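Here chain A shows up in two complexes: once beside chain B, once beside chain C.
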Partner chain A sequence: MGIPWDLIIIQTVNGVVTGMILALVASGLTLIFGIMDVVNFAHGELFMLGAYMGVVVLATSGSFWLALVIAVLVVALLGAAMQIVTLRPLLGRDPLTTILATFGISLVLQNYALWQFGPVARKIQEPFTGRFNLFYLEYPYYRLLIAALSGAIIGGFWLFLKYGKYGIWIRATTQDRVMAQAMGIPVPLVHTAVFAIGAGMAAASGVLFGPLVGVNHMMGLDWVLKAFIVVVVGGMGNLGGSVLAAIFISLLEAYASIWVNPSQAVIASFIVLILTLLFRPTGLFVPTPK
Partner chain B sequence: MADREAFDDLWYRGKVTRRTLIGYGAATAGALGATMLVPAPWQAAFGQAKAYKIGTTQPLSGAGAAGGKTALVGVQMAVDRINKSGGVNGRPVELVIADDESKPDVGRRKTEKLLVEDKVDAHVGGFLSNICLACMPVYEEYKIVNIIGVCLDTTITTTKCNRYTFRPFDYAPSQAVAFAPQLVKMGKRWHIAYADYSWGQSTKDAYADQIKKVGGEIAGTTGIPLGTADMTPFLSKISGNFDGLFGIFFGKDGVTIGNQAFDLGLTKKYKWAGDGAIAESTNIPALGSKIEGFIGINRYIPVFEPPLNTPAHKKFFDDAKARLKQIDSSGPDPDRYVQSNYEAFNALKLGMEKSKFRGREDTDKLIAALEGLEMKEGDDFPQGDKLLRKEDHQAFLRQFIFEIKGGKPKIVQVVDREKTVFPPACKFA
Partner chain C sequence: MSSTGTPIAPLIQVEGIHTFYGKSHILHGVTLHVGAGEVVGLLGRNGVGKSTTLKTIMGLVHPSQGQVLLAGQQVTDLPAHKLARLGIGYVPEDRRIFRLLTVSENLRTGLDRAGVTEARKQELLDKVFAYFPVLAERRSQAGGTLSGGEQQMLAIARAMMLEPKIILLDEPTEGLMPRMVSQIRQIVEALHGEGVAILLVEQNVPLTLAASQRVYIMEKGAVRHHAAASDLKVDDPVIRQYLGV
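This part shows the complex of A and B:
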């Protein structure tokens, strides 16, 4: 049997597109962990709330782009409030307390969404519906747009971290919290801002991905599970590593599905996770620890 | 450190004194006592008559919660209607609701609680097939009748059947018998994409058998794990020389495949058909125009075309729609989960009346009454006539083949109950 080049190219496109969405979800997660040592189990629900906010704004304004911007802002504010009310008082305590707190928040938000919006899945209409021929498939331009926008958001954030004044505050706080505070950086404010940025990124991915699945109260679950794998494989708290790991894992699953059935292909990411934890627990995409 | 002190001050400034503790305690006790003085709604109508306790297990949280909520609406509709019209055998019905959290282990634990602590007389419900299968042995162990509300896994009434479990609605083999001739008319070669868990697998097998039996062929199958958000990498592999794509998905997975198969052009390139759960009324808003032209089969569709243009169906539809509006502001039409739970409860009521059921001690009499039960179209069974077969406790009913046109299902063909019969494959222990 020859090598199915057409399928390999299709799966490369799929892997990169899925990888970029996953990278956007995982970036927020890894950022929050990197700076606050908080494993945010409510990240999937912020993704879901972003999508619901998109539905509401789209229904009232009719503009997808406005829905995207407002959803990001509202969920970022909600994230800030969440951090101030529930996580800030737990700073410095056993990490288990923050895990339990965010897990509790995730249950509250899930059930809130079900109560508020009901069991019927909602639709976000994509801003355009064109398609192009990719071998035997018609491939939607919108998927490429999602990948490009995700890349742009992550890239913009990377530039902000690298060159922006407040980005430098964030990096300083990540490196040494006590020293940053001694240098006059308002560490609690940085924590809140980072949580808000992470929440906003989750919301952006929720709105962007919404048109492909329909919006429902459980839509964050599948993504956040994969995002956790990505964060571990990419190196906890390492933004660049998470992006690379997201693309790597998505490509791996996409290629695996050429030769094995989908249920087995999904296992590929878990195998990578286990191997990473066994042989390189600091993550695949970080410099070798000395 | 100043921050730390400030937060400690913020969070620990409230002092609990003995006086405040006693004050709050007394207020709570008073509030609880006041609620206990208010009688349950059925007590006013039935006086001292002892209520039948009927349990219902539904996924009210977790992955299956959206469907579980509508399923519960069906059960509550039936119970309210029964209690308003004199109860069963002159006694009211008290519903004991349990949330299985969409997890088999929790479902089993909650079922044991219903049977041991709540001491229910019978059970109506169950939504996810893996949970129904996990709980069935518990009903058998405690010898309590279990009427399935939604679970469609074929083995519930075939290889894993038991004496205490009844399914008063259809299952995949009978739907496949009803639908396969139409499918083969649409195209000879089919590719089946299915949700890769118990229900999806058994349904896929049933359709593959029937399509082959009526002269069709299966070009390939693709099982996609339950809850997969991005199916595109798996759907991209579906290609080749076949006529139709047949989907077996429900809930949010139904929305996902409907959207993503359309986006890849699969629903344009091939005939697009599948289990009616894909285009359930609760899924259609999220599918929009992408589900146009889909051909499906379902036991219930919320339309008033013949033979569903009956006063009984109108009554059911209006009540269900009003109740669904309370849990979802978009006011969805009732789906098959509302219908089958409503009718499952009414099947139990009929069996209880026929057997003069008094309680658990009459379980054998209730089983005898339910075996071979004829259910006639009317207010109790707005979907149509049904027969609950004695040999495997599986019901047979008419099926609707429909097409989505203008965002609504339209009946293409009504398949009579007699044409959905599939031989029994159950041996009770």
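This part shows the complex of A and C:
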């Protein structure tokens, strides 16, 4: 049997597109874990709320881009409030308390969305519908735009972390919270800001991905599960590692689905997760300490 | 306990602090003071509460009783970041530099404060690079790749970025070569010359007695002795009694 090159190229494009969205979701998750040691089980619900906010603003204003901006801002503010009210008082306590707290928040947000929007999936209309020929497929330009925008958001955030005054505060706090305080960095404020940024990134991915799938109250679950795999494989708290791991996992699933059906292809991710935990629990994309 | 009066107005006053780690009672009513521009040594065996005293002053641990005053103002319950901005610099025992940040970025963590102009930032950087030329050479290098002595210099330089009124210096010579130890002593003297007060925790008794004006000796979480440094000698019975040297 010959190698199906056309399928491989199509699946590479699909894998990179999905990988970039996944990277955007996982970046927020890994950032929050890195700085606060909080495993945020409500991250998928912030993704879902972002998508719903996109639905509402798009229906009101008719502008996809306005919907994207407002969803990011509103969910970032919600994230900040969530951190101040529920996570800040639990900081430094047993990690189980924050896991339970975020799990509780995720249930509340899911049920709020169900109550507010009902069980029927909503649709976000993509901002443009152009397509190009990719072998026998008419491939939507919008998918490429998603990958480019996700890359731009992650790249912009990386530049902010690397060169911005507050970026250095975030990196210092991630490395040593106590010493950061002793250097005059307002660590509680940095935690809240990082949570808000992570929530905003999740919301952005929700709006961007909304046109590809239906928006419903359970949509966050799949993504958060995949994002957790990415965070573990990329190395907990490692932003660059998460981006690479997101693309790696998505490509792996995309290639696997050439030969098996997509629901079986997901197994490939879990195999990578288990192998990572067994043989390199610090993550595949973390440099080996010298 | 002998007492030594100080003619200098107290910058830091620690009054009867009791500090716990969980259920462990570490500090049992520590009282001490440091005058403006004064170098004060804090001696004692390992585990007597010297580092905890510094952490309590810095707001990294909050006392259950007692108070800390900075220039007469009550600061006992303030968080560490506010105390840093009020002029308390902290150089911890294990240096705790930000290992993945470059030397320049480590210094920037203390520089990027409200009200510090770009010109002032440059002045401060020039000053620490004059004190520690090796840091200028390594400014783009990650902190974690520096040698132990260089990391100690970076930790002190980083605290200097805050333009502190007082620096809490915890065992700065621990594990350093003799050449580095004498360099640290010169830095302490230079800071003293600039009017920066220093509360120096050390195991190195000769250095502490030489660098300090006054000395407190701690045992079992409390101050047991207080004297002018010039009144003590390395082989003083008091030193032998509390430090076993």
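Following the convention adopted for this analysis, the second predicted complex is superposed on the first by the 288 of 290 C-alpha atoms of A that agree within 3 Å, B and C clash if a C-alpha of one lies under 4 Å from a C-alpha of the other, contacts with A are read in each partner's own complex, and residues count from 1 in each chain.
In the analysis below, a residue touches a chain if its C-beta (ideal position, glycine included) is under 8 Å from a C-beta of that chain, and two chains touch if they have at least 3 such contacts.
Please read these numbers as outputs of a predicted model, since none were measured by experiment.
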Look at A:286 in the shared chain and tell me whether it touches chain B only, chain C only, both, or neither; answer first, second, both or neither. neither
With the two structures laid over each other on chain A, which partner does A:268 touch: chain B (first), chain C (second), both, or neither? neither
Give one of first, second, both or neither to describe whether A:73 is in contact with chain B, with chain C, with both, or with none. neither
In the overlaid three-chain picture, which partner chain does A:119 touch, first (chain B) or second (chain C), both, or neither? first
First (chain B), second (chain C), both or neither touched by A:169: second
For A:179, decide between first (touching chain B), second (touching chain C), both and neither. second
So chain A touches chain B in one structure and chain C in the other; where do those two contact lists coincide? 187-188
In their shared complex, chain A is touched by residues of chain B numbered 3-4, 7, 10-11, 61-63, 65-67, 69-70, 196, 222-225, 227-230, 232-234, 236-237, 239, 252, 255-256, 259-260, 263-266, 268, 282-283, 285-288, 327-330, 332
Can you check the complex and tell me which residues of chain A touch chain B? 7, 10-11, 14-15, 17-18, 21, 88-89, 91-92, 107, 110-111, 114, 117-123, 125, 131, 136-140, 142-143, 187-188, 209, 211-219, 221-223, 253-254, 257-258, 261-263, 265-266
Residue numbers of chain C touching chain A in their complex, please. 58-60, 79-81, 84-85, 90, 92, 96-101, 105, 108-110, 112-113, 158, 161-162
Okay, in this complex, where on chain A does chain C touch? 165, 168-169, 171-172, 175-176, 178-188
